[in-house]
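One chain, subunit A, links the two complexes that follow: it is found with subunit B in the first and with subunit C in the second.
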Partner chain A sequence: MSIFNKNFIAAGMAGVFVAGMAASAMSADIRVGITMRMISENGQRYGQMVMDEIDMINESGGINGNMLKATLMNDECKSDKGVANAIKLINQQKVHILIGSTCSSVSLPIVDITEKAGVPQIIPHSTNDKITKKGSAWVFRVPVSGRYYAGVNAKYVGENIGKKIAYLCAADAASQNDCDAMQSQMKSQHGADPAYVAQVQEKEVDFRTHMQKIKSAGVDGIMIAALAETMARALTQSYEAGIPASVRRIGSSSASNSPVPSIAGDAAKGVFFAAAYAAADSRPIARLFNEMVKKRYGVNSPDHDFSQAYDLVRITEIALKNADLKLDDENLAADRTAIRDAIANVKDYNGLASGPISFCAAATPQCRDGNRTAVLIAYTKGGKDYKTEVLARVTMPIDFGL
Partner chain B sequence: MTAIYSIFGRISETIEKLAAIHRLLPWILAFALLLPLPQILSALFNDYYIYLANKICIFILLSVGLNIVKGFCGQVTVGHVGLYAIGAVSSALISLHFGWSFWLAFPIGILAAGLAGIVVGLPSVRLEGAYLALATLGLGESVRIMIAVTPLFGSSTGLLSIPAPTIGSFTFDSYTNYYYLVLAAAMIGIYLSFSILRSATGRAFMAVREDTVAAAVHGVNVTKYKLLAFVISALYAGAAGGLFAHMPPGYIHHNNFTIIEMVTLLLMIVLGGIGHIWGGIIGAIIVTIIYDQTLEFYFYQPLLFGLTMVLIVIFMPRGIGGMIDRYLATKKFIASQEEKSNAAS
Partner chain C sequence: MDFDFSSLFAFLLFGVTIGVVYGIVALGISLIYSGLDIVHFAHGEIYMFGAFFGLVFSHTMGFPYPVALLLAMVCAAVLGMGIERVFYRRLTKGGGGYTVAGMGMIICGFGMSIVLMNIAFLIWGAAAEPFPVDLGMPFQLGDITLPKSYALTAVVAVLLMAALHYFLKKTKLGLAVRAVAANKDIAYLMGINVPMMISLIFGLACGIAAAAGVLIGPMQSVQVEMGYLMLLKAFAAAVVGGFGSLPGAIAGGIVVGIAENLGAAYISPNHKDIYAFLLLILVLMIKPSGLFGIVARVKA
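So, the complex of A and B:
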């Protein structure tokens, strides 16, 4: 084959490649980019739930006749990977809306990326209050902000358990935020200083020294703020150290994740925490949701990260239906703005969350932390077939914690 | 394959010819040629590739630096990413807490990493091989843990809103603008690496790598040169860290400096060829691109990277750089033989 022919074929292939890329960018789909923590078993399920719900929207005819084209990427809960995913999804896939991320430490830098690019970002799980305090006009949070959780927990603890609380705080963004906010709320609501504070690694395995110190401090309660597996280990070791059940165990929001009762077993009994959703919720929508999650993902009592993933897709669906979209390359920026404005117009959405979710136009935490209702949940049984009960349901004032 | 070798051969010859005119000429030309890359990438693809080009430049700086201690001086280190973290956090902290300009914070970050390089290098005086690897791994991981548990260093939330560098009214706040900064840094880093390799210091490094006893017998201060290699390598890591911290969106977190990042960095220099400057550069480019192209197959990525590393060690122990070197040496040998036979006939 002559050099000319080789070059001709190479040029042809390059042409096809470029044309293919251009064609993919010009299709009339509503492009949805998703970046989530897809490294744990539960993380994969949450991501899969978002994808499955999007597939179901498409199967039922899409949004105003347009199909949703979703791209799910794994950020491994690492900020640089999350940033790379966001830039890729925004510039290469030219997404209309970005969903993500699971971890606060990833959502935080992505807020700057979406703000600069003018892409609506809707957050499925991150609770760190700094996310909406950045003042981006493009970010919306479906989960309850950490500032509300702390208020609910502190009120209940101070009034029902006592003021001498020990804190064990893992070094991930959400847990640290929950821990700091709880200490601050205990101080402001009850004038109580921590009886003991220890910071531990994200994946710490040995808490026995801390537990012995906590035992000798004679506390009323222990707050364990950590990701699910770490929390489960800490709970188990608190009983191994001989701390009695009368010392109440308080979990951070990730206590709602199913690995906590599954791994901790009997040590999970009595642990209470604030979350956005209770599997023990008696509403028909919650019963149906629990059955659906059990059937699809084999999880008995879905935690609030499942419900938040579900609610997020429903809110996105409402917003996309209400947005006047042109869905061509020329109007990409206008479409993104229309979607942002449509999300800001979502008011009193009643889904699985324990209270209504409402957004508004101002780029403030008051407008963008849409969910203000936390539910206090306690485990009544640990193990694989764990059971929960609802202790209280509290809707916080909009300015709380600011 | 021969075509690829031929391209590298021609590039090598052209560089030699240009360097004969002035030693800086090839570098200035290369810099000028690479300057419009963001515009080309933006026109052909999209802005994401400019971000990728920025990352490649930072990784080049890291891998070229690691090559100095590992490739030139033969010291096994697995703590390089810790030095990268020190550079990043120091520069970010100085900018955020004192409000100092990037142009002051960045060199201080490099110096901080250099000082830490002495600490990382100290075990090399008494340890070798796997023991040294373990010691440096421990030091590198300690840095990450310290960042993770210290609120001043960002702790679990990370350091936010690290300001972008500015020159007058020009701000390096977009990936296109930032590219000019990281490209310049990478080019200077590569140039200095070549200068070190060709200097007496570089020869001393190689003598230590080949045989410490023989080097000592010939008057090379082994301890001094081992520590020097660690410090120079740390300066590179500090520079890469500083550039990473100030790159938009200006955010760093302890999860950016884990053992996985270290393994990825090692893969870059193993693939490129340990001890080959160009190899490290090629390795950084290839690994970053492969990593990016396989992002959507995240379940298989660790397997792919692990297998690649094993296969390279078995079948290409000297990496791509070694293969190119072999080709160029063979070509030179054939040419010299042909010259000799022509002269004889």
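So, the complex of A and C:
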């Protein structure tokens, strides 16, 4: 064999070695699966924000030298698609952590899948109490739980508005939960039964019969628990039915979504709701965040779904940095457990949320509903250039609503 | 809630005003069915396109609302004729009803519905768009407040019905359309341009659907997914009124609107859509040909 051939073989072996090393380096990515509702423009922006923040982590060197490899999937707020996404992300993509979903009705069945597979699931937007009440050791919630929102709303309504409240509740899981929790809190805090309750379809177009009955009932306030577009329609029709502005309109958690004031216009003025973040927040971090969202996504007053998406990535980043990860196929289960334990060790994270977020190890709502601070916000102006004001900020006791 | 006649009147009024919108969409569905023996499942999306056309003409281009309404009807009519010419023609030539082509047409309609929805999504995005139109202060009828947009919808529905009736019964072109609806082969032998008449039927039906979309815009908002529920309600209206009957479509719409409002008011307020479909089932059980009694048949 000539020297030339020996060198050629050596070079070839070196090439194979380098390629192998490169492949090994590629497998050292931290795989992040994301399933979110991206059927509205804001829904797409929330998903994009998570991806953009992950890209920025990678641009600044990744997590302890490892890159994040994110896969974003759209579940369209449909349980079956969310479940299919979760199964695909867990079993085919072999993700280390799953982020999702936006909708409670999607997050709820995914909890069972992540628990069975042993994959940490961190929730960006879903508020339904039942998510953490399932007792999964693998689930963590960044947003404020519906049980806290209801407590804050009921306290404010009973003390400042009145006890005769009508409820219009859409059929989606989050709205149902918000509605039930509010009724329960009005009963337990003020002994008040609902003056009128109606369940409406998510795409309901005509609320005038309900509004006429509510008008006849002479209520102090109307709680409209529905997704943004439906809520906006109901608000508009409440004024068309001649219900005066003195009857206060109370929104569920989705009232913070910008389509509500954009579509409802003047009918949004005076509507108040509990949320996790107020764009009117004067903290420097909030000012900077508002500017960033406006520059990146063209949204003037970001709602709490933007802030929660941002906070979620920061919490995930902290946990991943603290987790001892091997990042090879043999240690996938151990890495997932390490990430779960690292999220459970996140204490007093101070980000955009109106209060600190802390998790702990027990598989209970007390440990996994990390954010207990709700802020009461009211719209002072409707339309696309809507404005808000903060009415109150309340941190609820850890056991509240259990 | 205690019974009082003022509230009953309000519920009836709400039923009539939303019912005419169902009726207008049902009118287009019935027109296509009476002409071609086919059920057009993409009609809800034509209604949605009409609403967006109206929004663009009214808000983006600044046309007055009535002009925007007419322009939207024309655009939707052209769109409908285009869809018929390019995609449906081969199937409509094969016949409707219980033929293979008729079944193919139903599936094609479903496909077209999804295609149109995705095209609208690409053009206008998924966000709901407000469609405010200043028609002045609402009417105050005792304790009942009725926005003028609802009254306008009822007036336009009656005008559309009258215009369609006049067109079909009093004009030569209408006679040709009716001839095609009765028997395509004989109409062809009599020198009628059958494909053009079929296109015309589609155009008219789509224009009418667009009118409903533009009329409902100010009452709600305009969004890509708005056609689905409206299509179901319009089908209920068309069946209740008698599939293929034009006056029956409007009457069916009003009956459906009243049924769901009275059901929500006096039986249970939850899920008021149920009442529309309960009525549909009831009519199919008792009088399958609908209130206006068109006898179901397969045309030649």
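Note that in this section the second predicted complex is superposed on the first by the 376 of 402 C-alpha atoms of A that agree within 3 Å, B and C clash if a C-alpha of one lies under 4 Å from a C-alpha of the other, contacts with A are read in each partner's own complex, and residues count from 1 in each chain.
Definition applied: a contact is a pair of C-beta atoms (placed from the backbone, for glycine too) under 8 Å apart; a residue touches a chain by one contact, two chains touch by 3 or more.
Quick caveat, the model's predicted, so the values are computed rather than measured.
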Could you tell me if A:Asn91 is touching subunit B, subunit C, both of them or neither one (first, second, both, neither)?
first
Which partner does A:Gly43 contact after superposing on A: first (subunit B), second (subunit C), both, neither?
second
Which partner does A:Arg208 reach: the first (subunit B), the second (subunit C), both, or neither?
second
Considering only the touch criterion stated at the top, classify A:Gln199 as touching first (subunit B), second (subunit C), both, or neither.
both
Quick one: classify A:Ser105 as touching subunit B (first), subunit C (second), both or neither.
first
For A:Ala217, is the partner it touches subunit B (first), subunit C (second), both, or none of the two (neither)?
second
Contacts of A:Ala171 with subunit B and subunit C, given as first, second, both or neither
both
Could you say whether A:Met73 touches subunit B, subunit C, both of them, or neither, answering first, second, both or neither?
first
Considering only the touch criterion stated at the top, classify A:Gly265 as touching first (subunit B), second (subunit C), both, or neither.
second
Of the residues on subunit A, which ones does subunit B touch that subunit C also touches?
171, 199, 201
What residues on subunit A touch subunit C, complex-wise?
39-44, 171, 196-201, 203-206, 208-210, 212-213, 215-217, 228-229, 232-233, 236-237, 240-242, 259, 262-265
Footprint of subunit A on subunit B - complex, ascending
44-48, 51-52, 55, 145, 148-149, 155-158, 160, 175, 248-256, 258, 292, 295-296, 298
In the complex, go through subunit C and note every residue touching subunit A.
1, 7, 10-11, 14, 18, 125-130, 132, 138, 140, 143-145, 147, 216, 219-221, 223, 225-226, 228-230, 261, 264-265, 269-273
In the complex of these two chains, what residues of subunit A are touching subunit B?
18, 21, 38, 71, 73-74, 76-80, 83-85, 87-88, 90-92, 94, 104-105, 108-110, 112-113, 116, 128, 130, 170-173, 175-177, 199, 201-202
